Structures are given as structure tokens and as C-alpha cells.
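Down below are the structures I want you to see.
Okay, so subunit A shows up in both of these, paired with subunit B first and subunit C after.
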Partner chain A sequence: MSEIVDARGLSCPQPVLLVMSKIQKKASGEIEVIVDNEVSRENISRAARAKGWEVREERREGEDRHLILVR
Partner chain B sequence: MEKTGNWFATRTGMIAVGALIGVLAALLQKLGNPGNMGICVACFDRDITGAIGMHRAEVVQYLRPEILGFVLGSFGAALATGEYQSRGGSAPLARFVLGMTAMIGALVFLGCPWRTLLRLAGGDGNALLGLAGLVVGVWIGTLFFKQGYSLGRNQKQSFGTGLLMPLLMLGLLVLRIIYPPVEGQTQSGVLFYSAKGPGAAHAPLFIALGIGLLVGFIAQRSRFCTMGALRDLILFRQMHLFSGFLALLAAALVTNLVLGQFHPGFEKQPVAHTQAFWNFAGMLVAGFSFALAGGCPGRQLFMSGEGDADAGVFVFGMITGAAIAHNFGLASSPAGIGPHGMAAVVVCLVFCLVIAFGNIERARA
Partner chain C sequence: MFWKKLAAMAGNVVGAKHKTDGRSEKGILVFHHTSEVIRAESLLKEAGYTVSVKGPPPDLRTGCDLVIEFPLVSQLKIAELLAGARITPLKILPLQDLLLEPVGLFHTKDFGDYVMVRAANMKITIDKNDLRIVNVSGGGCPDVPFLAESLVGKSLHEAPPPRSIGHTLCGYALQLAYEELLRRCPG
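This part shows the complex of A and B:
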């Protein structure tokens, strides 16, 4: 079961904060993140990788991208 | 490693962008811009406010082409890479007020974060107080983010809404070309100019515009942000944006040393005053405002070029803040803070606190 973080429409630094708070609660597993712009995708990917999580882009739906963070 | 197709968003790209901005800013001073003010988004927005007559402070009236270039360059970069997204509607009035408080605070110190670095790079010791204020202001902002502060989500807007900022900048550029400055005169057509003071110091139009376009382009690609640099360092212990911040400072310092523009000291620094506490407090208010609004003044311009209407609202808040700052005697000058500068800092801090406390979402996950 992956948890879902919806970071659409939020400005910096909130997308990263949302993801970080999830990451801090989970030692491992899967987190699905929905973003709607390239900047959030870059920032979340950078922050998650720095914490040792792998980032996969699952699919695009219009302007939304679904990222899967795995550890 | 960072898997991204965007080189500018890598660590190397970020350092290169910061360094290039530092070199270009120092060069702009050599080419005519005011001392330690190669690029200052707050000062230049304020000069534009004067150029269109919204304040009539005679020494700071000039339609700065750099600012127009920032928005248009970012617009071009966003269009070219498919990142143009018309969006808005996230607490516009709060963002407008934050633009005002940011500008008023910055004008008590006399500079935006970019100029804080350029002043340091020119040897202006007073900027150390401004930098300290900026750090503390951003730090206060991060405390609110940790408590769940949010101005809410934006929404997709019509294509046309996102075009407004680039179009407005294009319109200003047309005015600047139709009504060029006339030697010794303070008015040319509908535009106001300065015969003396910082407003009279400027690099040639097309050089300033060209550098503005280039900086707008690379800053959009890299997401360069001086407030974000400090915020991410404090909040996430992340160096990414901060590396660009340091690169700007280092590159401007080296360029100044080469060009003979480095003059260490506190007294008689260009467009600066020596009232330490108010340099600190002004920039604290500005830093707090930038943090709450999610970007330094430069970043707000670049985002407005990408179609972010909320950033555009912040920019107009800054312009309104500049008008009020000069009309009400809130802005500082080399002689010291304005007659009502102290009151301005207190009032702006109160507004920031109202916005900060008033937008904490307790129910968040």
C-alpha cells in the first residue's frame, strides 16, 4: 500500500515539506506523490534522493505527474 | 546523481548561474549602474515606480530595463521548455500585502537580497547587518512553515492571464523606447527620469536589457532564489540553492577586485546608511515577507514570467510598497532612515505576523 501525497498547486517549500514529513515517519516502503509542475518534481526528487529514496516517475496525466518514491 | 534533463537545475548549473549573475551585476556597475547596485530587484522596481510617477522621489526615477528583461527572459525560457503554466489564485491579497511589506523593509535597508550580496562584494560592511536580518527573517518564516503555514493551492488560469506580466513588461519597454531619457531633463513624454542620484546612473539600454533577458532565462531554468537558498539551508540542511547564493557573492567579489570596485568599510558606502539596527530590522521584515510569499523578489519576477499570476500580484505589491515608502517617508537614504522608517518596520512586521499566524492550517496531514 502506498501513501499518497498531493502536492499540486502548492508553492515552495510546501511540496518538499509534505514529502519530508511522510519520509520521516516511514523507514521504508512506497510513497506516491502527485505534482503539477517541473519545479516541484525536481525539488521533491532531489530531497528524496538525499534521504536515500529512489524516485520513479510512474505516469503523466495532463499536467499531473505521479512520482513513486521507494526505499 | 541527479537524473534530470535540465542541466541548470544541477549543482554545477546552479553554481554557474549564481556566478554569472555575480559577474554580470558587477559589470553593470562598471557600465553605469549605481554603486553596489548592478542588479537590485527592490531598488529597480522602486525606480520603475518612480519612472511611471507613482512616487516622485527625484533621485530614483528610471525605467530599469533589467527588470523587464527578467520577466521576458523567463517567459521565453518557460515557453521554450514547455514550462509555461498560467496559474494563480493562492491568496492574492495576502501576497500583495507581503509584496508591500517586503519592499518597505528592503527600502529601510536599501536593497534586496541580491543587492545585499553585491554590497558585501563591494566591501560595504553595513550589508552584514542586512544579511543577518535576512537570515533571521527567513528563519522566522521557516518556523511558521513547520507549524503548517500555507497560503493555499493555486489553480490553473486561462492562457491569457499568464500572458499579462510579460505583456505589461513589453509595454513598459515600448514606453522606454518611445520616450528615452533627455540629457539634464527629468521628464520625457509620460516617463520620469532622474537628473542626479542613483536614478541617473544606468548602463546603456540594450546592454541592460540584454543582460536582463539572459539572467531571466538562466534563472528560470535553474530556479535561482536567494531567499530559498537560506530557507532550504535552515529547513532541510540542503545546499543546492545556497551554492548559487555563495557563487553570486564570490563571483561579484572577484569581479569587483579586478575592476577596482572593492572598497571595504562602513562609512560613505554607495546608496547605504550606517544605522546598524535598522539595516538589520528592515531586512528582517523583508526576509520574513519573502519567506511567507515563497520567493525572493528576483524569483517572483521569474515566476511571473512563467505564468504565475500570484507572483505577478507580489510584484505589484512591491511596486505599491515602493510608492508608499517614498510618498510617506519610510524609505532610507544615505543620510539614514526615513522620518517614518521605524514606524514602517513595526507596522510591516505586524502585517507579516497577521498573515503568518492567520494562515496556519492545523488540519494538515
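This part shows the complex of A and C:
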């Protein structure tokens, strides 16, 4: 079951930092991240990969982007 | 004459010193475009001048977000050096003529375990625990994604200096932010 990080409405770099904090606490598992802009999507994908996590899935729902990160 | 001498003696007794804030010793070079700032800064530093890039004073209107602060005593030689390189400042102003000083370029924000430094339009954020770069963003230059890919995940002290891999104005601004972080987090 995914843990959800809702990073909508936050300004850079807060979305990345929210996800990083979640990643620090989980050695492995699945995290679903919700953002509302492309820059946050890119930054989070990049930061997660740098920590050894994989972006398993990305989908768009209206203005929101959902990313599923797994390790 | 007598009162002047008396005041001087009083100053000596009290130990008062004539204070200067250094403003009258400095001037700023104002340029039309940031690329000229970058070229001028490199040229002047290579020639051995102590110059620093700052934001323009609020009471100065300029087409560029950066000015170069320089020692006024070197104004003539600096002007010659720039002219020789075909770099023409829009204005050369002594700081004492301006109401407000140039502003610092850096904005730092502490996020607990993370710290972000912004210089001009570029931001770099590191994890304070291991000094790893977690985010690079800002600007609109085409090399920003490449800069981010090259830096994110690396330790601040192991990452390539942005200016060595990015050759746009964003790369330059990121270099300034990176250098400020290095000052704050010496290895």
C-alpha cells in the first residue's frame, strides 16, 4: 500500500523536500506523490532516482501529476 | 579655530574615531545585459581587481539584475581595461552618490534538515546532514535540466562547479549560489 505525499500548492523546493523526508524514513516500499506542476514532477523524479528509488508510474489527472516511487 | 582644536582634543580624549562605512571608496559598474557583467567580472578578476557582483541598489533603474562593485581608486584603469575588451558599462557611479547600497545577491532559506540558497533566478538545495544536493531549479535557460541532472545526488564538495558545465546566465547564477553554499558549508 502506497504512502501518499500531497505536494500540491507548495513552492519549490518544498515538494522535493517533503518527498526526501518521506524517503529518509522508508528503506523500501512505495510512495505516491501528487504535484500540480511539471517542474515539481521533474525535480522529484530526479531527486528520487538519486536516492535509488525508481519512478514506476506517472499519470496525469486534470492538472495534477501522480508519481509512484518504488524501491 | 579655537573651537575646532577643542573639539579635536575632546575626540582624542574620548577615543572617538572618524567612522567611514566604506561607501565612498566604492563604485558600481552598470551594464545593459548580464552577459556583459559576466565578461567584465572575469576580466577584472583576472587582472587582479577586487570586485564583487551584487544586485543593483533599489533607487537605480537598470536593464540588468546585476552590477559590479569595484574600488573607486581603480576607476580609470578599470575603465581602460574594459574599453580594451570592448565592454562598455551603461554607467559608472560612485556609491556615495546613491541613496541605497547594492543589495546582496543571496537569499538563504533554512528548511530544518535542508538549506536552500538562491542567487538571482537559480536555487540550489542541500541536505545538511550529508551535504548532498537534493534540488537545483529556477531560470529558463535550456541547460537547467542538464545542470540539475549533473548536480543532484552529489555531495556539494564533489559536484562539478556549475560554471564548468553550464555556460548560460543560469549556469552563472547557479555558480554564485553554489559558491555561497560552499562558504557556508566548508568541507
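Annotations for the structure displayed:
The rule is simple: the second predicted complex is superposed on the first by the 69 of 71 C-alpha atoms of A that agree within 3 Å, B and C clash if a C-alpha of one lies under 4 Å from a C-alpha of the other, contacts with A are read in each partner's own complex, and residues count from 1 in each chain.
As a convention for this text, a contact is a pair of C-beta atoms (placed from the backbone, for glycine too) under 8 Å apart; a residue touches a chain by one contact, two chains touch by 3 or more.
Keep in mind that what you see is a predicted model, and the values were worked out from it rather than measured.
Using the contact criterion defined above for the overlaid structures, shared-chain residue A:Q14 touches subunit B and also reaches subunit C. Applying the stated contact rule after C-alpha superposition, one finds that A:S2 touches neither subunit B nor subunit C. In the superposition on chain A, contact of A:R46 is made with both subunit B and subunit C. If you count the residues of subunit A touched by subunit B and by subunit C, you find the higher number for B. Common to the subunit B-facing and subunit C-facing surfaces of subunit A are residues 12-14, 16-17, 20-21, 39, 42, 46-47, 49-50. Of all residues in subunit B, only 2-4, 6, 9, 83, 85, 87, 90, 145-146, 150-156, 223, 225, 228, 231-232, 235-236, 238, 240, 294-295, 310, 365 touch subunit A in the complex they form. Within the complex, the subunit A residues that touch subunit C are 12-14, 16-17, 20-21, 24, 39, 42-43, 46-47, 49-51.
Those residues of subunit C that touch subunit A in the shared complex are 111, 113-114, 116, 123, 125, 127, 132, 134-135, 137-138, 145, 148-149, 152-153.
Contacts from subunit A toward subunit B in the complex involve residues 5, 8-14, 16-18, 20-22, 36-39, 42, 45-47, 49-50, 55, 63.
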